[in-house]
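Below, chain A partners chain B and then partners chain C, in two separate complexes.
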Partner chain A sequence: MADKTLPAYFPEFYSFPPFYTRQPNASSWSSQLSQWRAFILSYARAHKIWRLNLVDAMDTDLFYNKSISRKLPLPTIREIISDLVASQNAEWLSPDKSIAYIYWRTPEDFASQIYSWIDETGQKGTVLTLLELTEGDNTTDKEWYGMDQAMLVKCLNVLVKKGQAQIFSVGDDKGVKVW
Partner chain B sequence: MAFRKIDLTPALRPLLLPSETLLFVQDAVGLYEGRYKVPNFQNGSAYLTTHRVCFVNNDEPRKYSVALELRDVERFELYNGFLKSSPKITFYLRPSDPSLLNSRDRSTSRSPSYSPVPTPPRSSTPLQSIALNRQWICPICTFPNPFPSNFGPTAPIPPCLTCGVKPNRSVLDAIVNSPAVPTKPPNGASDDSILRVGIQRSKNACPRCTFENDQALRNCEMCGEVLSSDALDDSLLTAGTSLSRDESPAPAYLGSVPAGEKIDSVKLSFRGGGEKPFHEKLKGAMVQRKWLLEQAPNVPSITAGAANLTLDSRESDAPARPPPPPERIVGVRGLERQNLALRMNNQRAIAGAFEDLEALMSRAKEIIALAENFATQLADNPSLANSDAKEALNQSAALLALRPTDFSVTKDQISSSSSSLSLYHAELARSIADFLADDRRSILKKEGGAITLVDLWAVYNRARGIELISPSDLESAAKLFDKLQLPVRLRQFKSGLLVVQERNRTDEKVARSVLAWLEELSSTEALDTAVNINWGKSVLAKDAAEKFGWSIAVAIEELEMVEERGELVRDTSFEGVRWWKSPWYALG
Partner chain C sequence: MRRRVGLAALDRRAQDSQTRSTHGATLRRTHQSELTTQLSVFQAALSTFSTQYSSEIRQNPKFRSEFARMCTTIGIDPLAASSNRPKEKGGSIWSELLGTQVNDFYFELAVKIVEVCRDTRSKNGGLISVTEVQSTLLKKDQSTGGGGTGLQISEDDIIRSVECLKPLGSGFEIIKIGKTNMIRSVPKELNKDQAKVLEVIQVLGFVTIGLLVDNLGWIAPRAQAVVDDLMAEAFLWVDEQEGETSYWAPCSL
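For the complex of A and B:
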């Protein structure tokens, strides 16, 4: 029925009503938590979600299964995201914990992907704007395509720390040079 | 032979006879036969009922519990205690014809263990009986004391039983050296017969009729004569010395009562006090003699009462007819008249019985029979379609049939000595356990094996009817369940809810039954939605309560307990909490 049409990244638990109740039992909760974590990350990857606004996301398919009318409550969402933050798979954007970056790959992974792409395309030493990296015609098939600018800066900072890149500010725009 | 072994309830209280009621309970009691302590019967509780005095051993109640029928008691007296000697109540037994006693014993015994106090055979070896038959006269107070059985040159000399002064050894020596002129042995065996018994010990011939009885028997099968048995272990001779209270001035029971000393009395020694109220209640019981009631004529039938006048006057309105032999009226009219008479009689019975409490008690049997009769009539009556009313009537009938006296322990039944409160609670705990274990009521079964303390309090107090107990007494009593090793236990759930449940009911069993039920639901019932196809059926606490007979509070607690084990998961939504079998439990 309804869930048969769901993409493959939806776990089977998506249609299990207790999945939307935070289980008080510790062992049940840890299973539930790990399934939610995996689901959020794969959902974010499929939908290219970089920034997750918790309140907005509550009513999306991610946390709301309309077919069984079950919704994951906000405190539980926050708890799961906090767990992702603890394992470096997410990062709070604001101290009130309402928006988070979701790293379905770690910044290091993105950084090395960007680095190898620049290397492969022979753009070492040239200055690329960040928009070119995330919105450019050449990167549409890349995983970081459409990435949030602030998040991209965090990823590039990994390269900067390694001494493989430098970030410039040109007015409002930012540029990066990799060598 | 005054004592009989008794049956105990699951809660280790004496099983009361149908019309018997409990009057008093006292702990720390020891038992004497004649002047001798009975081994294994030195630390127990004494239960005074309207019919019996029961002794229940504290340590091994199933093994050492006996009762003395009050009807066998001729008189009794209170001894207030002196120095180290505890207060005692002595029961003097009616002299009874041994053959009569035997026949009664035989008729009532159901198992071989029914025989009274498991003491070794009465009579002793010839030599000992000679020694034991002697007496030494106290030079101080002239009391004839029994000759010490273990007398020898080195043996200690016992003090006089009355004045407590040890005699000079020469007094005893003189008796040993004097020509043995024993009093005639009680079984009538001469020296000759003692010899004969020695030869034929394997056959155990009766000294009176010479019938060769089996060795295990203690009374002759033919004539009921007490058999002389020779097996008297040395260990039994010393058993008395290992008693916990050997500092007591009374001689210990040496495994056998000295021959020639007839047991015509038994004593209860009140080491923890409480002899006075016991004595008072005993006096009352002996005056009332409730055990006679069974043969007593019934309360005069009400038809002879004043209420009859109304009926008579009505009937006298009818044209003159021959009064006593009720004329036979056949046909519908006859049936109707018969019915009318019956109804009038019932009405009178009810009206009379409820006039005052005394009357109600005396008419209890009649009224209960009536109530049961109504109940069966209701059950048979198809025209009474209103099932609610039926149930209510059934219930009230059932309530009338309750016999609260079995289960009620009141504070005035318990001695007022120092440990009285805990004793009261212990007795209360026992009575509650009996109440719960009672098959006729099967309260725990109806409640699915667990009942909340609050519900129990209500049900139990309702069953008592009078002399209600306070919640705090109930709680204190319930806390003693474990200590008293009763078949029920008190359990506290995570939320603090207290329930009483059967001892053998474990979390695992409950969890298994809940899960089995869920699986059964999933496999038998129609799975109508996609959710159910994938995940099986879910239940509400209400469903579990209905299925297992739990109260809602217990159902919630039990489900949460299973959740705690990880085998259930919850689904909280606007319609309440639904419970699902955990798919994660199998994984992890």
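For the complex of A and C:
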């Protein structure tokens, strides 16, 4: 029944029309919610989405299944993202709840990944620009490659709080030093 | 000559009946010993057969189900719960014959089935098709590196395993909707109307109130009530995005 050409992270429910109507039954809704949560996170991961603009995303195949012409309505999207925010898998960027950071890994996870990469490559104590981290040739295979700069700062702040890093300005860019 | 009535007649009658009963007992004993011999010969044969083919029974689902069916036909319940038998004899006939292997096979499978049913309960309300359980188990087996390599599981195995859960009173039951075998893992009875709606969904993929009214000759309130009940049990999901509200069953996804 499911479209065979879809990547594996598309849930079985993707081609199930009621998946796009918020279920009134509490137990069905909790199942629906957890499916959507998992799908949004893996979709964001596969597409390297850091900032999700809800209105724009409505028309992408994340929330819109053209083959069965079903679209998840905005209020439901907002409800699901709010649930992700509550579990720290997302963060509202604007008070009107139209854009959100999607953390398919928590900031803590990203922070520790970056920390161990810096450690393993012997770059402790050197200053790295944020661009080096997200666009550098050495990080192309890393999960944080291409990350939104503001989001990266949030992740690095986890290290700063632990006293493991310091962030400062380097010209127009920002730099980070880890020890 | 006229036979005279005397006390001896009483004796004779008593003697006669005693002889008869002794004879009867002898006959019964002979029968019994014959049957016992037959049974033990048969058991030995069955035992030899099952030992000889025990790996085949474990690995080939078709063979296994044929063997199980044969046992059922001749009145042996291969899965008869061990608690029904004396301790020293222990276990069911399968466990005696096959050294608990086949028996365990079904009990282990039952545990896995219970897991699948529980994991998917919030999604399907506790109603899942046997084929879905089968494919989920297969996927799980593959993702765990094929722990049970070559151990294929047939629909028949699943049905048998679910049946051996019955003595637990756990509410697990095989029900037939249309032509599909489903496992119901919640203690809710489906009434005729509800089963009918699920059957229609299996054919059409979904139902609407209008469809039920047109095809089953129900009046709208009846159709709505059945659908609402099924929704409340989480057996149905609603789709409100196109035309008439339609109802779908996640268990036939």
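In this text, the second predicted complex is superposed on the first by the 176 of 179 C-alpha atoms of A that agree within 3 Å, B and C clash if a C-alpha of one lies under 4 Å from a C-alpha of the other, contacts with A are read in each partner's own complex, and residues count from 1 in each chain.
Definition applied: a residue touches a chain if its C-beta (ideal position, glycine included) is under 8 Å from a C-beta of that chain, and two chains touch if they have at least 3 such contacts.
Since the model is a prediction, treat every value here as computed from it, not as a measurement.
Visitor: After the match on chain A, would you call chain B and chain C a fit or a clash?
Guide: Superposition result for chain B and chain C: clash.
Visitor: Name the contact category of A:T21: first (chain B only), second (chain C only), both, or neither.
Guide: Both partners.
Visitor: Return first, second, both or neither, reflecting whether A:K142 touches chain B, chain C, both chains, or no partner chain.
Guide: A:K142 sits against neither chain B nor chain C.
Visitor: After superposition on the shared chain, which partner residues are touched by A:K124: those of chain B (first), chain C (second), both, or neither?
Guide: The answer is neither, since A:K124 touches no partner chain.
Visitor: Check the residue A:R70 against both partner chains and state whether it touches chain B (first), chain C (second), both, or neither.
Guide: Both chain B and chain C are touched by A:R70.
Visitor: Of the two partner chains, chain B (first) and chain C (second), which one does A:F13 touch, if any: first, second, both, or neither?
Guide: In the superposition, A:F13 touches chain B and chain C alike.
Visitor: Select, from 114-122, 402-410, 420-428 or 546-554, the region of chain B that bumps into chain C once both structures are placed on the shared chain.
Guide: 546-554
Visitor: Do chain B and chain C touch any of the same residues on chain A, and if so, which?
Guide: Touching chain B and chain C on chain A: residues 1, 12-13, 16-18, 20-21, 23-25, 27-28, 30-32, 69-70.
Visitor: Chain A touches which residues of chain B in the complex?
Guide: My answer: residues 530-531, 534-535, 538, 563-566, 569-573, 578, 580, 582-585, 587-588.
Visitor: In their complex, what parts of chain A are in touch with chain B?
Guide: Listed in rising order, the residues of chain A that touch chain B are 1-3, 12-13, 15-18, 20-21, 23-25, 27-28, 30-32, 67-70.
Visitor: For the complex, which residues does chain A have touching chain C?
Guide: Listed in rising order, the residues of chain A that touch chain C are 1, 12-13, 16-21, 23-25, 27-28, 30-32, 34-35, 69-71.
Visitor: So in the complex, which bits of chain C are touching chain A?
Guide: 122-123, 125, 206, 231-232, 234, 237-242, 246-248, 250, 253
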